[in-house]
Each structure stands twice: as C-alpha cells, then as structure tokens.
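Next up: the structures, one after another.
Presented sequentially are two complexes of chain A, the first with chain B as partner and the second with chain C.
So, the complex of A and B:
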C-alpha cells in the first residue's frame, strides 16, 4: 500500500541527497525499507548501524511502521567542533 | 548594582541572586576551538566565577577564521594558555585555570573534580562519549554541541538531578566509528557556524546556572543555518542502556575503545613505521612480507582505513596506530 511521507535529510545525508527534504510516495512498510529505498536512489555512505531515524520528532527503531503523512528524519552522528 | 553586569542584572531572571549564582559557578570548557571560543568569552563576560579550559592543541593559521579568541600573534602557542590570558584581560573577576593536555580516561576525573558544569566543545566522538560518561558517573551538568558544515546539534544533561531522564548512551549505546562522518578539517565549516552553536551552548549553560528552563534532557536541537530550519527531536530512556540502566556495563571510566585486531596502542621497536601525513602513497606490491608495518597519521582514522584496504589485499603484516600522533 502506498503512502505519502515527508523526508528530511541531515548533515552528510543532506550533502549526498543534495536536497533538504522531499515528499515521497512509498510502498516501504517501515523505516528500514524506506532507508534502503533511499540508499539505492542516493547511494548513501552510511547505513542503519551509523544512523538514527526519527519519525514525527521522536527517535525510533528502524522497524517502526510508516503511516500516511509521517515526517521522517534520518540523522547521522555529528562531531565537528 | 555592579556596573559591569548592570544590563543583565536588570533582567528579572538574573538580578542580585542570579549574578551571585554566576559568580559562584564552576564551569569547565573542554575544547578551545570553534565552539569553545564564544563559549569562553560569554562565560567570562557574564561573570562566571571559575572557568577551566582544557585543550591540548596549539593555535594554527587555519583555525583563525573561526576560533576568534586567537590572533595571528598567537600561532604555535597553546590554545588553553592563550585563551586563559584572553579571559584574564576580559574580566578580572573570573578565576581561570588552563589544562594544556588532551582529556583522556586517566585524567578526566581529576580535571572535572573542581567543576559543576561541563561544556563539551570537542570535535570527535571518542572525547564526546568519554566526557558524557564521566559527567554521568561524577554527576555533573553537561552541555554538548557539534557541527557539520552549516548544521549542528546541541544537547543538555543534568546528571546531578535526573535519574529518570535518558542519557546519550540510551540513543547511541556504542561510540560511532571514527571517520564515519567527517570533522571540520575534512568537511569544511564556515566560521560563523561554530560561533552560532557555541553561543547556543553558552546560552543553555548560563540558563542552567540561573536555574532557568533549558532544552529537555533526552532532546536534540538540530538547526540548519542554510535555511534556518530547526527541530527538537526526543529520545526515550533505554532499559538496556549500557550506562544509565539498572544493570549498566559501564561502571567506571576506562579505555573504552575496542581495538580492531589490526590496531595497536603504541609504537614498538619491531615495526617499520610509515607516516601517512608525509607520504600517503604505499606500494603494496613492494611490501616486505618479513616486516611488520605500522601506519600512522594525525588521529588514527586515515591510517585505520588504509590498513583495512591493505588487509583486504591480503597484507596481514600491516597495523594502524590507534589515536594517531595526537593520541600519544
């Protein structure tokens, strides 16, 4: 089943996707599937073990199901100072 | 009213009581770089009574576009020492101490012992997790900041009062791999970006001292200075947290890095040393199978990647120096 989600990219992912955010019709059931869909699109250098995902302003597991209208943010760790 | 602080003491949130709190506060700033520069200046200007500055590094010409405590005259001098001199001139009310060495698991308890609040202005995951864990174990307040190009994050923790709130290890149980994202040196940064995030960190720190509302523990503030989009993202306490759960695996500060089987902690005599900072080329075909090669660089990140590649080519006699030259 397709649903529309809003995705935002942070730090190195923003650099690699070359966009701040996008709306996407996706059949991905959870955050894990969505990340793999986006990784094949943008060739992200980071994977699930080095990233966090937040849905609607809360960090969550990659197994969290996606719902229509969710706002999904992928966040790599940041260390610059 | 003390004229120096008059304009902030007029604020109902400050007043005589707040100014006294600032005067009695003891704040340790670890990292006197891009984030540390505004943090240190605003702490001193506000009248924070005791300020500690910890940084092992020396002022380099490439620092000056963002580390605005330093001038061209300071090149080659210790950052902590120059920063201390600067703060002494800025405000003689502040007692400033400098710690001119790299924070590590052996010295962190002693360095932190005289301070109540720690502001983490470092630029690598190893230091950030070390400082975080130490603040938890020694019950300090902590304000963290980090930046990437035009973006950054800040987090606040009060480990003296908050047993029920999440810690950073609830979100990141393991220290992220060094080199999985770049630092300022590799990714580039505009000076003002570190200025904005350092100022935000200092604002949270001063509010903590004044016992005002700060960013909730277990929240990350992310801010993108390209389009000014801002977000606060929350995480939950984890019952499996290695640090703050009921059965934690981290009970004291110790050397936490898990060495890969081809990393070593120190240079030993039998190694043939290869300094990647001088010459990044190494011909795998020319390698002598009877020798053991030790590769090193500034921080041990590049050399680790390099050795991983050589190992994949079948060169089992290659090693990387953990922490690089900086870590020694």
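So, the complex of A and C:
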C-alpha cells in the first residue's frame, strides 16, 4: 500500500541526495525498506550499520512501520559539541 | 531549557540569567572551536542541526539531569551555522546547592548531547576538502574528541 512520507536529509546524506527534503509516495513498509529505496535512488555512502533513524522526531528501530504523513530522517553519525 | 542558536553564543551575557540565591555552585562548560584535529589544521567548522528533534532530544537530557542529580537548574545552547576558531559551539550551565552534583550533571549533559542530539559538524581545513565528522563511535568510547 502506498503512503506519502516526508523525508529530510542532513549532513553527508543531504550532499548526496542534493536536496534538503522531499515528499515521497512509497510502498516501503518500514524504515529499512525506505532506506534501501532511497539508497538505490541516491547511492548513499552510509548504510544501516552507521545510520540511525528517527520518525516524527523520535529515534526508532529500522523495523518501525511507516504511516501516512510520517516525517522520516536517517541520522548520520552525530557530532555535536 | 535546550536551545539551538543561529547567532554567536555569549557565555558572559547568558550567565547573568542564572543568578540564583539558592545556588552555592555554578558549573559552566564551554565547548570551543579548535584550530586542529587529528593532525589537520582546521580553519572553521560548520554545524548543521535537525532543529525540531535536537531541541526535543536536548530537553530530554536536561530533564534527565534534573531528575538524576540534586541540582537547581540546567541549561544548554548549541550553535548552528558557520563558526570560526575560538567561537563557542556549545555552552552548558548547571546550578546547585553544592558543587559535586553540578560537576556531575554538567559532565553527564555534555557526554549525552554529543552521543544523541542530531547535530552534525563539517570541518574545513587549510589545504584539504571539508569533511563531515563521523562521531557515533567516539561518543560511545569517550575518546577521540573533536572541538572540545
């Protein structure tokens, strides 16, 4: 089933996607499938072993199901401070 | 309160807001932009934040510090945008009755912010291409510090 999600990109993923954000109609059921879909599209250099994922501003598992209207961000290694 | 600031952080000005007659101890931490990292000459840093989530995650850390330690107040501000050498990247203040809890809480806050708050740092060098610093591992192992 297709759903529309909003994806924002940061740091190295933003440079590789060449966009800050997008709305996407996707059939991906969970965050893992979505990452795989986006990696095919943008050839991301980072994968699930180094990324974390946040849905609606909360860290979650890659197995978290996606719902209509979710805001999804794949989080490259953070480096604040 | 946890804030992301697009303007220069001024610790002296900020510090004035935390005068509290109950506080016998005030511990502040200033993380500043350094001119070198891992053998490279750093000319400036660029911080990018996922603002909406950074504020939420940062606030969780401050709330946890307020629950876990016997302190009166905790505040943290992190800079976003392009910073020059010597600029303040992060500033944390903790007030408490006695110093031990304020020191512990302040250390807890900086360690946890570095590990979990979605903020990224791009280092610019004298004669190399800039790179996004990858820091999941160093936050976990506690070594390999960058701007601090």
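Keep in mind that, in the parts below, the second predicted complex is superposed on the first by the 77 of 81 C-alpha atoms of A that agree within 3 Å, B and C clash if a C-alpha of one lies under 4 Å from a C-alpha of the other, contacts with A are read in each partner's own complex, and residues count from 1 in each chain.
Keep in mind that, in the parts below, a contact is a pair of C-beta atoms (placed from the backbone, for glycine too) under 8 Å apart; a residue touches a chain by one contact, two chains touch by 3 or more.
Because the structure is predicted, anything quoted here is derived from the model rather than measured.
When the two structures are aligned on the shared chain, A:80 is found in touch with chain B and with chain C. When both complexes are overlaid on chain A, the residue A:27 reaches neither chain B nor chain C. When the two complexes are overlaid on their common chain A, residue A:10 makes contact with chain B and with chain C alike.
Look at A:54: by the touch rule set out above, it reaches both chain B and chain C. Shared-chain residue A:63: touches no atom of chain B or chain C.
In the superposition on chain A, the residues of chain A contacting both chain B and chain C are 8, 10-12, 14-15, 50, 54, 57-59, 73, 75-81.
Residues 31, 33-36, 121-125, 128, 145-149, 151-153, 171-172, 176-177, 180-184, 187, 189, 194, 220, 222, 224, 226-227, 229, 231-236 of chain B are the ones touching chain A in the complex. Chain A meets chain B in the complex at residues 8, 10-12, 14-15, 20, 46, 50, 52, 54, 57-59, 73, 75-81. Across the complex, chain A is touched by residues 31, 47-50, 52-54, 56, 78, 89-90, 110, 113-122, 132-137, 139, 146-148 of chain C. Residue ranges of chain A in contact with chain C, taken from their complex: 8, 10-12, 14-15, 50, 54, 57-59, 73, 75-81.
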